[in-house]
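We call the chains A, B, C, D, E and F, going by the order they appear; numbering starts again at 1 in every chain.
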Amino acid sequence: MSANTERKLADGSTISDLIDLERREVQLRTLADREIYEIEQDKIFGKTWLLLGHESEIPDDGNFIQRFMGDDSVIVARHKGEVFVSLNVCPHRGMKITTQDAGSTSIHKCIYHGWAFRSNGEFLGSPVADQCMHGKIRGKDELGLQQARVTLYGGLIFATWNIDGPSFEDFLGDAKWYYDMLFCRSDGGMVVAGPPQRFVVRANWKAAGEQSAADGFHTLMLHRWLGEVGNYKKDDGESGDLTPEMFGAEVSSPHGHALRCIDLNRKIRRLTGKDPEELSVEEKLRVLPPPGMTADAFTQLKKNLSPEQLEAMAWMPPQVGGMFPNVLFGFVYIPQADGSVVGSMTLHAYVPKGPDKLEFINWIFVEKDTPPELREKMVMQTIQLFGTSGMVEQDDSDTWPHMTLTAKGPQGRHSTMKYQAIYETGKPEGWPGPGIVNEGFTKDDTQWHWWKYWHALMTAE
Amino acid sequence: MTTANEPVNFFEQCADEIAIGSDVYNQALGFYYAEARMLDNLRYMDWVETLTQDIKYNVPLRQTRLVKDNEASIIYSMRHMHEDYRSLMGRALRLSGNSAWAEDPASRTKRFVSNVQVFETATPGEYAALSYLLITRNRFDDDHFDLIPCERRDILRLQDGVLKLAQRDIILDQVLLGTPNLAIFL
Amino acid sequence: MSANTERKLADGSTISDLIDLERREVQLRTLADREIYEIEQDKIFGKTWLLLGHESEIPDDGNFIQRFMGDDSVIVARHKGEVFVSLNVCPHRGMKITTQDAGSTSIHKCIYHGWAFRSNGEFLGSPVADQCMHGKIRGKDELGLQQARVTLYGGLIFATWNIDGPSFEDFLGDAKWYYDMLFCRSDGGMVVAGPPQRFVVRANWKAAGEQSAADGFHTLMLHRWLGEVGNYKKDDGESGDLTPEMFGAEVSSPHGHALRCIDLNRKIRRLTGKDPEELSVEEKLRVLPPPGMTADAFTQLKKNLSPEQLEAMAWMPPQVGGMFPNVLFGFVYIPQADGSVVGSMTLHAYVPKGPDKLEFINWIFVEKDTPPELREKMVMQTIQLFGTSGMVEQDDSDTWPHMTLTAKGPQGRHSTMKYQAIYETGKPEGWPGPGIVNEGFTKDDTQWHWWKYWHALMTAE
Amino acid sequence: MTTANEPVNFFEQCADEIAIGSDVYNQALGFYYAEARMLDNLRYMDWVETLTQDIKYNVPLRQTRLVKDNEASIIYSMRHMHEDYRSLMGRALRLSGNSAWAEDPASRTKRFVSNVQVFETATPGEYAALSYLLITRNRFDDDHFDLIPCERRDILRLQDGVLKLAQRDIILDQVLLGTPNLAIFL
Amino acid sequence: MSANTERKLADGSTISDLIDLERREVQLRTLADREIYEIEQDKIFGKTWLLLGHESEIPDDGNFIQRFMGDDSVIVARHKGEVFVSLNVCPHRGMKITTQDAGSTSIHKCIYHGWAFRSNGEFLGSPVADQCMHGKIRGKDELGLQQARVTLYGGLIFATWNIDGPSFEDFLGDAKWYYDMLFCRSDGGMVVAGPPQRFVVRANWKAAGEQSAADGFHTLMLHRWLGEVGNYKKDDGESGDLTPEMFGAEVSSPHGHALRCIDLNRKIRRLTGKDPEELSVEEKLRVLPPPGMTADAFTQLKKNLSPEQLEAMAWMPPQVGGMFPNVLFGFVYIPQADGSVVGSMTLHAYVPKGPDKLEFINWIFVEKDTPPELREKMVMQTIQLFGTSGMVEQDDSDTWPHMTLTAKGPQGRHSTMKYQAIYETGKPEGWPGPGIVNEGFTKDDTQWHWWKYWHALMTAE
Amino acid sequence: MTTANEPVNFFEQCADEIAIGSDVYNQALGFYYAEARMLDNLRYMDWVETLTQDIKYNVPLRQTRLVKDNEASIIYSMRHMHEDYRSLMGRALRLSGNSAWAEDPASRTKRFVSNVQVFETATPGEYAALSYLLITRNRFDDDHFDLIPCERRDILRLQDGVLKLAQRDIILDQVLLGTPNLAIFL
């Protein structure tokens, strides 16, 4: 849509004015502007598929959790085996139907006037039946809780208000081929270690969102402690160089999804002493199985994934990346002091809480049949590196707020975020996977595609 | 959920309460005041000295639940921190390095200790201590303070006449933590 | 006025777009929108009569209290016996004239540059008289404190900025006939027990306002503890049913005022064992005198009220209700453990403090000549059930904030509050009172009339 | 106003101050720490056990007045709470029921007790105790805390060797209370 | 510019509608309106010269301090002897370049991705050079930190974003002749005692700004304690009258600058017993040298100032006043209990932090060669009267917030600040100085000129 | 900067720590509790009575600096308060007058004292005392509280058997003070 028919912001500019498509620059103002935030609530969070949790959080009928879709609270509940997502707003006078984070009940009763609803949102009735306090203007079928459209993928619960919009499959597009390697590889599937960590960061959700689109570059500086005193410190105690870790292949998506696939060979060499070139796909995946899986799980991989996917997994498996608009995943191998490797599986959602606040939600996963000792190791390791107290992500949550502050300055708001490090490589030779793929050291393309999709949605009718 | 919600065995460990004003009680107070100053003054490696090698250190999650499900409001299956001696040492090392940006520049904090109660345990020389802690945290030029009120459920162990921290569970009061990270020790 | 000439909100919609007059629905957005809030400051709080207190709070000349009319602080002071309401803003440079909640002084001196004013707002002069620091452009008569228009009714102090608008009598309309039974029934009149309780609720003022228009329905669910473990628990310890308490007659007003009149017979039967049908009006009112009054006060009632009013009082006296826009009254009989009844007289004002905050002001009253022991009982009973720590109203002040939060969600804001439980009864047979009156179980009409008047004012020129 | 502003007779009751560290003093500390934990852990009926049958419990209003009218800043003619044993029991019963929505889900609170001073009174076995209390209160997923700092003016009475609360006046520091209700005990 | 072409505020009014140029009145709304605040960020803080500090705060190369220009954080650093002011926003993704208040470094490295900059803002490069992570779209010369235009005046650091706008000299205009007496009188020049005090006041910056334009009148009432129990208390313990202190001459400026010049004779008479009329300029300035200077410093004054300036200094030296938009200076003589006088030199900046918040920055100065004992006396005396805990300015910082609150009321916002005390005197007979000067008791002209310049800037293209 | 940043000589003065629970320690607690109540109850002239004539009273500035420059985060070359007996008396007199508007109407404050540690000094009868102070401050009808958490580094001197304050350094935790003035004593 052309900028001149676009909705004008208070100062007369349009969303398109804030993005320079030629030079791949975005004005900082996007990270602090309240008007833009309000538009996003409709055009981004009202239109795309949003991650709300995992079905292992609500295993039984009646189980429910309270989550957020943009600024709307929703009830995620299991009813007759199925998962339903209902707007947590009473159709009578707007009271919250539940004020609990989680629970189990067959009937949700609003505490204000007592209207009752099933776990699937159906209106059951109001007290003092003979007085028909819900009136006669609307039928009972019109008085249920507003329902979102729901999809389960690898047990993950996604929902959208865009009832007639694209399917979740279409939304993922080519990226699905890669996500399958993470979420759909095992027979038992992933399960959450527990409810997610939740904390508030005084930053615009996009400061975290644009980074989640595979910003590998920042690791070298912001997380350099990993090499200095952390898991990538050299055995001789010398500082380790993180640069090699940033080589691999990056998958971009026209829908803003992103994955960084990192070469396993170094790790395999270190673990086996053998030359990875001489190992078969199966051998590699038995030596270094995916996070949370054991050697003998290879049969599962073989069953659930295509040979091409297996090949990619043994070569450069996706390890970090994001899902538009506000999801980050990290499925990584963490080197241990004893030379071994412990896997870590985590998903984050960055829920907007106003132009300068976000809620950081961190789920930690294990495979359903990960052995107890390994599972404990994985969870501890993950808690120690990511999320609330994570030594890696502490630095991120302390950085985003500064970007949100600078975005408020009358000069700063016109300063731009730049995405000008551009791949010139293309797919690795013989790469089996689909999509926009580039080889080599991390670049800005994935993040730029993230902004392009943001712009497309924000300027769509 | 797949992990059973680990039982809080702390209160089972509390035997007779030790009199306020008794030597052990005052020693415990001394331990907490000294600890607060170490942490508020960024003396992380000194703090690690006050831990036992087998320390268990946990910050469980909280959830908003009905009063009838109150015990379910403390979550151990997932935690904000889940630490042992190695990991605490690792955190202290990171903070003592040159690139722990989350705390460099450091937060300006005060750890207000109060409501201390000490109990005998089945193990001689080991004491169970309950205390309240209010942390005020300020960063950069914020004109507000992040507040972290919490209850600490500790096991203190006498080693060569000195009290050391052998176990700590920190019970927070928020389900949605209001401070942007736990880069500091509680 | 037609919506298309109406002022447009930022997103292009009008106030009228938010109300469905056909279906009796109001969009939740009205409970959180800052633009709407700003308009209300002029069109509601700049135009209607507002409750500020009771003259017993400022018995003597020079006595003053600081109160709020919308977001404006005002000084309510007694001067030569009369009550004056002055804008608490210095005409010189806008400093507050008083920063105290209450006090007594013959001259208000601004602490910034020392301009001095009488209790009636008259400008007295500025320091260093010979320098005439107030200048010569405006005469002294132009430099007084802005005066609001004031009315006393039953000792209650009402004021408005609408200097040439309708009189307070016209504003009350038919509802006055009923309010008289509460505020003008005794010779000595009501007096405050003390200054009002004041506390902040993080909710839009209308969440409380619409409820004050006689929402009886919520009592059954939100306040059901009253039956379970409270004053309406059965003697045998069984849970009591509150439903019968919700039968009576409700008085609506085209100006948004509302009263719920509740049948006294059950209470009388319980107290006297006699069949109320066999009791005369006088007998009934001597057995169960109005809150704060004693049996022998009947002569006062007879003197101050019409026979028709007496009849209504002995049949179904008004017990709870509101006065547009932000006043709630509760003049109720509270059953005691010993089977007796203690009255309670309270008035609330819900002062707006921004789109998501209100100040809850709670005055507790007694009759001037209520005997000390009774008075103490009434005040304690009232404090224990209403206001800051009131076991009934705690639940209200914890509910309204949730409605204000849901109103902010991009989906929630379009969800509607519904007023579709409609009376089909009309006046009780032989009802002596005027106005729109309906008999039976509480319904939504009174609240809907409240919203209709809100809409009329908000869309008026 | 019609009710005379009841005089605060508390300080007249305070005789000699009891030494910090003395048994009675330490007993008082113990009373307050135990009370804080009962209330922070929703053990309302246990708390009622610590009250005398003739307890007087008040939360007077505050008003902003000039320093010269300072004593008028505490208002007894109207109060936020005005309780006796029956009403406190009633509140505890309500909170222990199934429909006390204002506290179900319950607030997560911490009651930080400090600045405790204890005094003899004319009545043997009755002590006047002054203390400061800071309550941090969090509900649902608020990322802030409501704060309720106050002074408590108590009469503690020894009954069968145990201290019980016979009188409490809570002096708040706000004229416009910032927490949306007093559904909790102070 | 005519109001009808002016930008309209949300409610349709213009900036010009808020000022009555005829009657010298300004609507209070200007002290609370967010829209106006946003416009000021561009039209005032984006256009005028702003005080950031003093070069004695960054004596050596590499030294830097973080300060604010409106809502923008800037780095003030010394590079090769020169002072540079750089926007503290990383050109890469908007992270703050420094998060420190002060420090010393030759290279500023952004902690997010490691881009490096010189103290003069030049871009040095990004990590992993061979990957050219800053891309090829922009040259290195385009990737430096945004530079502000800088001027040093008496060692004071001023900067502006108005690169091609008027010079600092033109900005000061006639007022410079007077400021020179304060800032450029000594050989060594002023130095800061230390970093500035910083604290937040919940008030609009203009509540402080308009007062800084020489509001002498408020001293009599708001600061009357000075006479009652403070430094102006009579020796016999009686209350002292402050009125005489308010006589002198006031210098206005079409650019909103203001100075109040106060008669020295009384002080000299008190100190010397001699009739000042009989003393020469030199004698006067030796008896009562300027704050921080000693008798023998006269030679310096003579060298650095013109005879006319010396004459003014010995007659009515400027003692308090402001510099548009947000600077206040106080160069005053404080009477001591022992009858002596101690000087005090302070500068404040009132930095906007939103429509209802300002940051009060207070620098205290001494002369470079002020003797240690005197210096200590001056600093203590100044801390005790001005700034954070200053017994004088405590009262100001507690007053401005009330004005900001009243400005939010629907009635209050239309109430006006009045500047109607007008000089009718003109220059003192034989006054040697330039500019708009009036003699006598303080009036409102200087403050009115402040508002006129605010209006001119706010309505300029 | 021209003034050298005065060294903090406080810790050099701290000799052996005095046992928690000892008489001197308890006396110090008593001093702080009594002081808190004087100041919270506007008894300024009484407070001045508790100061020695040679008192030094300082509130240094803070700055945000890197951990490696941490000692530079406390600034003495410029201070928020820099007082001696005369100036403190002057402030008390002003507050006791009729026109100290910044505190009339007065703030409603509570001074929560905790983490008290007491040390011997080289001078008999003089003790070094470290304590944490949390001040909650409320004015007019603010629904929030200004918080002032700080560490106090005091020298207490026994004069005729009573402890008096001979030196106080207050270390704040904000570089940009969040309360609009220091019209109150810390």
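List of remarks:
The working rule: contacts are C-beta pairs under 8 Å (C-beta built on N, C-alpha and C of every residue); 3 or more make two chains touch, one makes a residue touch a chain.
Listed by chain with UniProt protein names: A, C, E = Aromatic ring-hydroxylating dioxygenase subunit alpha; B, D, F = Aromatic-ring-hydroxylating dioxygenase subunit beta.
Because the structure is a prediction, the values reported are computed rather than measured.
Between subunit C and subunit D, the least number of touch steps comes to 1. Here the chain-to-chain distance from subunit A to subunit E, counted in touching steps, is 1. The pair with more inter-chain C-beta contacts, choosing from A-D and E-F, is E-F.
Here the spacing of subunit C and subunit F, counted between their Cα centres, is 47 Å. If each chain is reduced to the centroid of its CA atoms, subunit A and subunit B end up 31 Å from each other.
Shown for subunit E are the residues in touch with two or more other chains, namely 99-101, 111, 198, 200, 222, 395, 399. The set of subunit B residues that touch two or more partner chains comprises 21, 64-66, 98, 100-101, 103, 105, 112, 114, 134, 139-141, 143, 175-178. Inter-chain contacts occur between A-B, A-C, A-D, A-E, B-D, B-E, B-F, C-D, C-E, C-F, D-F, E-F.
If you check the complex, the residues on subunit B that touch subunit F are 21, 23, 26, 29-30, 32-34, 36-37, 40, 42, 98, 100, 103-106, 108-114, 134, 136, 138-145. Subunit A meets subunit D in the complex at residues 99-101, 111, 198, 200, 357.
Contact residues on subunit C toward subunit E in their complex (touch as defined above): 35, 38, 41-42, 45-46, 69-73, 87-89, 91-96, 99, 109-114, 127-128, 131-138, 146, 161. On the subunit E side of its complex with subunit C, the touching residues are 10-11, 23-24, 28, 31, 217-218, 220-222, 243, 395, 399, 402-403, 405-412, 415-418, 420-422, 441, 443-444.
Here subunit D touches subunit F in the complex through residues 17, 19-21, 62, 64-68, 70, 73, 112, 114-117, 130, 132, 134, 147, 149-151, 173-178, going by the rule given at the top.
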